[in-house]
Amino acid sequence: MTLERNVLLAFLAAAALLPALVTDQYLLHLGVMALFYAILATSLNLVVGYVGEFSLGHTAFLGAGAYTAALLSTQLGLPMWATIPLAGLISALFGFGIGAITLRLQGPYFVIVTLSFAEVLRIVANNWIAVTNGPMGLAGIDQFGITNKGTFFYIVLGLTAVALYLAFRFVHSNTGRAAVAVRENRYVAQSIGVDPFGTAMQAFVLGAFLAGLAGGFYAHYISFVGPEVFRFPFMVTMIIMVLLGGKGTLIGPIAGAVIVTLLEEYLREMQELRLTLFGLIVMAVVLFLPNGLMGFIAQRREQQGAKPAPRAATKERTV
Amino acid sequence: QDTIKIGMVEPLTGSVAYNGKSVVEGAKLAVEEMNAAGGILGKKIELVIEDGQCTPANSVNAVEKLVQKDKVAALVGAFCSSATAAIMPVAQKYKIPLVTGVSSQASLTEQGNPYFFRAAETDALMAKAFAKILANDLKLTKVAYIGVNDDWGRGGVEEFSRDLSALGAKSVLTEYFDHGTTDFFTLLTKLRAAKPDGVFVAAETQDGSILVKQIREMGLDAKVFGVGSWATADFINLTGSAAEGIHAAVPYASSMDAPRNQTFVKSYEAKYRIKPGKYGAAGYNALNITAQAIARAGNTDAEAIRAALYKTQYEAPNGVYRFTEKGQAYGFDAVLVRIEGGQPKVIASTPVDAPH
Amino acid sequence: MDLDLFLQFLTNGVVMGVFYALSALGLTLIFGLMRVVNFAHGEFYMLGGVTGWFVTSYLGLDFFSGLALVAVAMAAFGWLVDRFLIERVRGQGEEPGILLTIGLSIFLVNATLLVVGPAPMKVAGAVAEGPLFFGPIAVTKLRLIAVGVGIALIAGAHLIIRKTRLGAAMRATFQDPMAASLAGIRTGNVYAATFALGCTLAALSGMLLGSIYSAQASVGGLISLKSFVVVILGGMGSFAGAIAGGLLLGIAEAFWGGYVATGMVDVVGFVLVILILLFRPQGLFSIRAERA
Amino acid sequence: MTLLSESPAVMAADAPTVLTVDGLHVSYGSTAALHGVSLDVRAGETVALIGANGAGKSTTLRAISGILKARSGSITWDGKPIANLPPDRIVAAGIAHCPEERHVWPHMTVEENIMLGAYLCRSRSEVQRRAGMAFHRFPRLRERAKQLAGTLSGGEQQMLAIARALMSEPRLLMLDEPSLGLSPKMADEVFDVVRSINAHGVTVLLVEQNIHNALSVASRAYVVKTGRIAASRPAAELRDDPDLLRAYLGG
Amino acid sequence: MSAPTGQSNGKSPLLRADTLCMNFGGIMAVKDFSFHIDAGETVGLIGPNGAGKTTCFNMLTGFYSPSNGRVLFKGEDITNRKPHAIARLGLVRSFQKTNVMKRLTVFENVLTGHYMAGRQSLLSTFFPGEKVRRAEREARESAAEIVETMGLSHRMNAPASLLSCGELRLLEVAVALAAKPSLLMLDEPAAGLNSHEATTFGAVLKTLVGRSIDALLIVEHNMELVMSVSDRIVVLNFGRKLAEGKPTDILENREVAEAYLGKAAA
């Protein structure tokens, strides 16, 4: 726990130095994207790693946040310090509504229903032209004259810090432990007084809130929001980050986000082979690090005689 | 630096990769020809192509990389209007001229972005050019409109239905479908019930070929016309006999009979063993326009290139391109083709006027 | 008049329903029974279409010999994928499988793009094109044949699972592999056979439907999405359920598209999933055998 | 006592050895569970493995039936090495293993569970005959033939697991805590079944926590302690010497 | 102390179940079953396999809702309440099939068991004050203590997946104890323990009632254990109450012997 906290603090501190050390705007842009994805991955991890259910609909919250910020900015002219938190809050509301239905379900049903919500929202965004401008999207979202990537970098770094703080507090609280209990064994959790639904809801809404913040930032940074924010490719990227880094840890998703963002960019060198190789790398990672980077590190530590790491639990049946 | 770099962002993967690849082919041909003729400013042109997947975020990533890492002098792309809308502010921020050969959403040139140029038709321009010919030649009285549910499809349907209605052709049905839809029988059942004598379709090869085929499979014999890259061998092959007799309004067809076009088609066919279509020509033109502007500018300074772009007078296979001060191209020819015996036959040709 | 319209919508719905059930068939096995959340399902379907195009237009085979060849090739492919990839993450929970199949699907799409390019491809059909009328109802011969082949495949797969030793071995293996191997079942082969069968069924539907529409490297994503919806609608692990799910989806989309709006037909499946699971959290046709 | 001395288990004293385990090492991942277990079982015998929790009894059975790989050591059945053969080959060779924690197939009916127990038997009528026998032995299961196995009570599932293991009509039956979760009466009945199949010549290797019951059916017992065989004794000897037994099991 | 029949004398019992019925698609697993538990008591619930004991547990703790009948706990009607709501009232159970959090360590399992003591508002989750920190400290101390009581200290930091069957049963009881129940219900806690281990376990159980918990309800097939810990025994057969009384009386009951004990009693 303290080790985890120190690693996270060190990460934030190192990141804070980046704009001072690098002036290359392209690298800063990659830094911004990596942090943006780090928030998203952290938020998805709250659901996948701590509720223990696999959500394929997390783009619902990214999108809700992005559209909220875009609309507030283009329609009402609100400034960024207002639109981004509001984006988080509106997303949290969406999280509450969607969670109320989906969290009753488990396993594959949860997976597909969350996906369905994201798709429904995408289709609505694509067709409700009066509000969302449909497939034409919302362009020209205010950037308040920020032309230096460094400024955007500090904004997204601040958001990352907020996200990590909230996630850290949640995960290491009594409620966070309850969420783990639900994930590990629903029956035990219930019998010690944990309300599986309510606990999962807290993690789910927190995840939605963080994804909404990320979405709000995205709207201003890219300055364009269209229905594709709800689309599956974003989801795939998030999943790869969380699982590659290692779910159920706070460091894993951050590491995953940074690695995947950089990997995707540096594979540009490979031209046409880019995504083919990317697919192969993803497969190789699963085959050689089935529990992600953090799982691998924990395993190494175990072999070196440190505290034994939990092994992959085989599926349990309760009779 | 011993080359002049031009950056290109197109969808090379994902569901519009098919069209993106044609744009890239056209562009590569243009660069090859120019380099064979000695390049510009005494240097070779180097085309740096990145995959933007037609999504805003990926296209922005690609542009950041092209500008910061490759230090390109100018940008060409991105295919989909949404992706182009997202990279326009980036181009403006870095003060790099951006030329699109494809993105057709009308509002793009209305944003007052001084670095943006559109070397392509808009739906409004196409409609204005052909509505009259269509209404008169096909004797349309009741028209049904079907468009792919994106900015381009919606734009096409709106513009054509406005102009055709003004000419007295009643609009009896308007429907949109999502890109990637494969079965149109339900839509066509409604269409059959509406009894139109003409069906307007705004769809690209992939959706359009299936749609046109199914119009015939439903036993409908209404006249089919529309916009999209239909004047291509791929489209005609995929559509089969159902393609016979349909009309397409396109900014380019390989069967246009200008001599400049014949040389273009010849070299394109020699290189790719297929005749160029709308998107191949778009890539070719966009690249030539950009490179010629750099040549005229005399250096790679952005302001000089921008100024040179405004003075464009590019002799394309399909007419002459000029730009308005908003950066909208005009002056080039657009054609109406009819598919006959598996070949696109030009039946009308008209230069595209500048919008007011 | 209105009845004509209704009948045509119904026909469209049933045809589409069979097509949906057919294209989800492979996923019913791999996801519904085997519990591998297979994100590469759409890519297996796509490979069927693309290899179908290859064998009919390059090798010049007729449709049905082509279909047979594709079946054999894709069965081998599925077997290898299971043996060399899926096998390695078996029993480690569902996430490694999800990541693995995501990687596989990214690889397959882009490798296909490299090899055959992004253009749509035409798969030669079983019979000539052209409309066919039953009174006011229009279909095509090709569609009728596809429906026929589809029903045969569905029935065949159903029989294999319900009536054969292999089927019993499959169910035992997926419910408790340890107990299955103690009963003498070669679980490794059962997994691989199921995966191969699922892969083959996906590919066959890809070729069959590719001959009606077209084949293209990028169709996979959409197919996967719809197939997941179909499998979930019926209920995991219920074969008949998935068929019903397909029909339900096809018919609902046809009527929604027909009487409401075609623009948003894709929303129908997702709304159905949400509504049905709201009231029946285990899908339409599945039962629970779990107790506290 | 007279009854016991006439049982085949005792008569088997000079029968040939059918199963030999020698120097067996097994580990779960990086943690070793068995450190060189050696034992042998003669044809027609009933042998019990007893020992404290976590001693490695179940692990031994799992290695014999092929569910776990042996890291080193040998397992010989009928004179042929079977260590590290896949489980299906071992079942085919005549060894059945009724595992700890029941492992019934929850979404299949009781009847399907039973039928599948005879998976390797190709003759339909033979499977029917064996199923009839199973239902005869466990009438409760006949009552519940169409119920999904996952909804059975704990004890009912235990009966089902045993009935299923018997369906392969093995020559060596390995039972892991067969009386777990059974009522005293039912446990007695299960042990009667064990005696009766043993009387028909089936060799039995038994892991059992209810020491009294275990020693009443077995002729010999091995005491397993932290992954090793600590002792091998005739069952009667242990039964009659509670202090000795406590010494073995206490820790 | 407690009357041998279903009637308690004077003050209301801790738990009372009235005419409970449970119907599974035509099979009456439990029928018109009434019983009660008083504070300070240990009650044994026994019966043949499939008699309905576990089903009973599930109805009392909200995992099943009874087809008929009602359950009163501390005078409150808890029929059809959610399992976690019932647990919060102080009624905590273990399961027949071992249920622990396999990937957590023994200590973490027991610490998690303290959930109810540390329930907190959303605000204090994100901005924990001194109170929360104190609760956390106390939970940690208490967890270590419980692990100690159950004799698992040598396994304190081992993941539960490494424990043997018997240790898992003990851990389950430890987790339940961590929830500080007033009525603890254990479903076959000694299954998988050998005779000696069961005896030790029985001794621990006896020390609990009156100290850590108010009352204990235990289902168990190990007769020695049940007889030694129970003050009173209820026998279920085919979903109905067959007998009820002091352990010695039950042992002598002919019907019970026939239905349940078999030769052991004969």
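So that you can tell them apart, the chains are marked A, B, C, D and E in the order they are listed, and the count of residues begins at 1 in each.
Note that a residue touches a chain if its C-beta (ideal position, glycine included) is under 8 Å from a C-beta of that chain, and two chains touch if they have at least 3 such contacts.
This one's a predicted model, so the numbers in the text were calculated from it and none came from an experiment.
**Q** Hey, what chains does subunit C share as contacts with subunit E?
**A** Touching subunit C and subunit E alike, sorted by label: A, D.
**Q** Can you name the chain that lies farthest from subunit E, using the mean of each chain's Cα atoms as its centre?
**A** Farthest from subunit E by mean C-alpha position: B.
**Q** Tell me which chain's centre, taken as the mean of its C-alpha atoms, is farthest from subunit D.
**A** Greatest centre separation from subunit D goes to chain B.
**Q** Count the touching C-beta pairs: is D-E or C-D ahead?
**A** Result: the pair with more contacts is D-E.
**Q** Roughly how far is subunit B from subunit D, going centre to centre by Cα mean, in whole Å?
**A** Centre-to-centre distance between subunit B and subunit D: 75 Å.
**Q** So what's the Cα centroid distance for subunit B and subunit E, whole Å?
**A** Computed value for the inter-centroid distance: 74 Å.
**Q** In whole angstrom, how far does the Cα centroid of subunit A sit from the Cα centroid of subunit C?
**A** 31
**Q** Between subunit A and subunit E, what's the gap in Å when you average each chain's C-alpha atoms?
**A** The computed centroid separation for subunit A versus subunit E comes out at 41 Å.
**Q** At least two partner chains per residue is the criterion; list those residues in subunit C.
**A** If we look for residues of subunit C contacting two or more partner chains, we find 109-110, 221, 263, 266, 290-292.
**Q** Find every residue in subunit D that makes contact with two or more other chains and list them.
**A** Answer for subunit D, listing residues that touch two or more other chains: 106, 150-151, 154.
**Q** Subunit A: which residues touch two or more other chains?
**A** In subunit A, the residues touching two or more other chains are 127, 187, 272, 274-275, 311, 313, 317-319.
**Q** In the complex, go through subunit A and note every residue touching subunit C.
**A** Residue positions touching the partner: 48, 54, 101, 104-105, 107-109, 111-113, 115-117, 119-120, 123-124, 127, 187, 232, 236, 239-240, 243-244, 247, 272-276, 278-283, 285-287, 290-291, 312-315, 317-319.
**Q** Write out the stretch or stretches of subunit A touching subunit B in their complex.
**A** My answer: residues 24-27, 29-30, 33, 126-127, 134-137, 139-140, 143, 147, 218, 222-226, 228, 231, 233, 264-265, 268, 271-272, 274-275.
**Q** How about subunit A: which of its residues touch subunit E in the complex?
**A** 165-166, 169-170, 173-178, 180-181, 184-185, 187-196, 202, 307-311, 313, 316-319
**Q** Would you mind writing out the residues of subunit B in touch with subunit A in their complex?
**A** Touch residues, subunit B against subunit A: 12-13, 49-51, 53, 55-57, 60-62, 64-65, 67-69, 81-82, 85-86, 89, 93, 105, 107, 111, 149-151, 154, 178.
**Q** Give every residue of subunit D touching subunit C within the complex, in rising order.
**A** 65-67, 86-88, 91-92, 96-97, 99, 103-108, 112, 115-117, 119-120, 148-151, 164-165, 168
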